[in-house]
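One structure coming up, written as structure tokens, with questions to follow.
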């Protein structure tokens, strides 16, 4: 990996001479930004993979909104217990120091601002930090929101983990979301295969890029990228 | 005890040839009206004494608003545990099948209409069932409400246990409360030394009298007594 | 009033009426009261409104109740799952009504129903499709949606163990919606794997006090199938 | 963030600032965090707003904090007790402000503070002195009062046992306000009789998960005096 190291405040680091991040690299990149001792909720799907990259001795405690803190890795074989699943209904395990609680307490915890970080997937994030991740807007889709809106509103820091472009090449970091919103102005950081972004009222600040320069991304995205 | 037994709907039973009920008799009288299997909160002070008259095999479960169901009798000697008190902060005991919970759950239980009965003391009850039992209205009094308003609003049946007259002979069952209210129209029955009354929109129905006739009480009270 | 122990799940749900609102515990399959739902299907009540986190998985439990045509409306947070084909079919053919509620708001509305709260202002969903038509208010600079309680005529829940007074403990994440649903219905029926004498559950560990439980029934032994992701 | 273990109660309350709102657990003496209050008196922060069910008993605990002149305002349900002479004296001489809140509404407002609820409509107190000046609304034919959350800068609570992750269990009715207060303050400090390794508290029995607890301190052994009625 060729990195152009820059002094803090000197603008984004462009990691060139390499391609965009793989999903695994992206999960590892996000894991590096999660402070030791944090209470974290990892959304269903790709964000789940961040758990594999958290240092075991960092004291990071995972929350699952179906009523548990201290969630361990996915369960296999005899460790599978139908009474112990994560929010994606995948069988998981329990770590020492875990706690169980009911749904109202679990979401009170979330909505009350007690989780330090949640990481969610997204269909789109706007330049202002609006999040769309629950409904494609397709009139034939069956609406299903789960805990997405609660997480978007409740966690102290809402991180998004997504590819920067759809399979068709359309940007998912957009001036205004076209899909129905999950939450307004709630996203603190957007981690993508091509770079890490901070949405805000004055535009999108670029923290890092991977396999592309800021200038190259500027040509592909319709949002104002700030160095 | 000389009782004039009357057919249901034939008007109040006048227990004459005896004086008004003692506090102990009044507690026993109320205990008789509490259905087996009821969940009951007995207010601080005289209502506490009703517990002594509940049949042990009736499956009546006592609630104390400081976070317990299945409260047993007062604790003595070595059974005293500073971590186990009733709402009056008197040490009590725990019965088999008890449960502890926190204050928000305890009052959710109360406000949510899950208690079958509560019995409260009162300064005044109005003919319409308004309750005044938290504040004398004395401008020098330090206001203190505790759980009185929650109980008045929450229990399915709010029974009042009080003397019918103050020491000065003033009636406590009144057309309109003069003390600040605890709750409006919340009292289902008023148990007093001189009789049992049902307040309501059309006046106060008399169920029973002790040591006085309905006519005698009518002369002493300023409310409409209905036979 | 006092908790009774029903001999069978059929007896426990015998009086559910057509048109009832039924709170059904569980998150996916964990905590799903299968015996009670099967009994409710046999019992025959229809035109039900079901409140549950999901709208059924596979062909069993809630999905079977939907398939039997007994449900007029579902209030839930997440109907669409990999194996929610029964619901999907009914919904797409216009044979079932759906109200989608954010998961935490659903839990909180049920709690409010059980806790005697008239309504509450909730920041979740403000400015989204799910707040359309709802009263909103800015509190401390943040938009809030006014949410009303959800109550049931009946709650059907699954717990782990009960004592004869109806005190319940749950197991792991199968706890989920059971404790709040137990507070919010006129008649609460719990299926449990085990019923012990009063005093055999440590009072410090009771999750649902017996005051909230009307009827208990021992569950049939059943090996739950664990579904995959979603 | 992660729970830390303070060596002393003094260390645990070292950063409480003048003018803070302090949630103080306990119902009378049960659950009163004596060590933390004593340390707060030594620490010296003043102009405090204290939120607690009572306003002190006798000369110890909260009463001592009041006596030391550190409290500007008390928000509580029941200040007047047989042994609340410290508070009574301050109140009658106009040296302390008092907000009386019905006990369940106090607990629910603190819960709302911790649960991210913007406000709630509560039937308790409607039409009484304690609702004067408050917004009211009729819901389902019943008057409700709009109640706002209570939050603390600091919560001082007493629990029975903790593990090193800050998971707490309580003992009997000393549980009272601890669990809701632990959710509703920026900094939560718990005194406990015992701190065990993570994994030594059964996860099913945890009442306050460690996420809510910032600092733990082992309490000095102390024989509580049990007060009489009221």
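Things worth noting here:
We just call them A, B, C and D in the order they show up, numbering each chain from 1.
Please note the rule applied: a residue touches a chain if its C-beta (ideal position, glycine included) is under 8 Å from a C-beta of that chain, and two chains touch if they have at least 3 such contacts.
Model, not experiment: these values are computed from the prediction.
Under the touch definition stated at the top, subunit B and subunit D share these contacting partners: C. Contact tally for A-C versus B-C: the pair with more C-beta pairs in contact is A-C. The geometric centre of subunit C is 33 Å away from that of subunit D, both derived from CA atoms.
Each chain gets a centre from the mean of its Cα atoms; for subunit A and subunit C, those two points are 30 Å apart.
Between the CA-based centres of subunit A and subunit D the separation comes to 36 Å, rounded to the whole angstrom. Residue positions 108, 111, 115-117, 122-123, 170-172, 204 of subunit D are each in touch with at least two other chains. Contacts with at least two other chains are made by residues 68, 94, 100-101, 108, 110-111, 153-154 of subunit A. Listed by chain label, the pairs that touch are A-C, A-D, B-C, B-D, C-D. Residues 27-31, 53, 77-81, 87-88, 91-92, 98, 100-105, 107-108, 110-111, 122-130, 143, 170-180, 207, 224-230 of subunit D are the ones that touch subunit B when the two sit in their complex. Against subunit C, in their complex, subunit B makes its touches with residues 35-39, 59, 61, 63, 68-70, 94, 96-101, 108-116, 153-154.
Listed in rising order, the residues of subunit C touching subunit D in the complex are 108, 112, 115-123, 137, 139-140, 142, 144, 148, 169-172, 202, 204-205. Contact residues on subunit D toward subunit A in their complex (touch as defined above): 1-2, 111, 113-117, 163-165, 167, 183-184, 197-199, 201, 203-204, 206, 209-212. Of all residues in subunit B, those touching subunit D in their complex are 44-45, 64-68, 80-85, 88-91, 94, 100-104, 106-108, 110-111, 135, 140-150, 153-154, 180-184.
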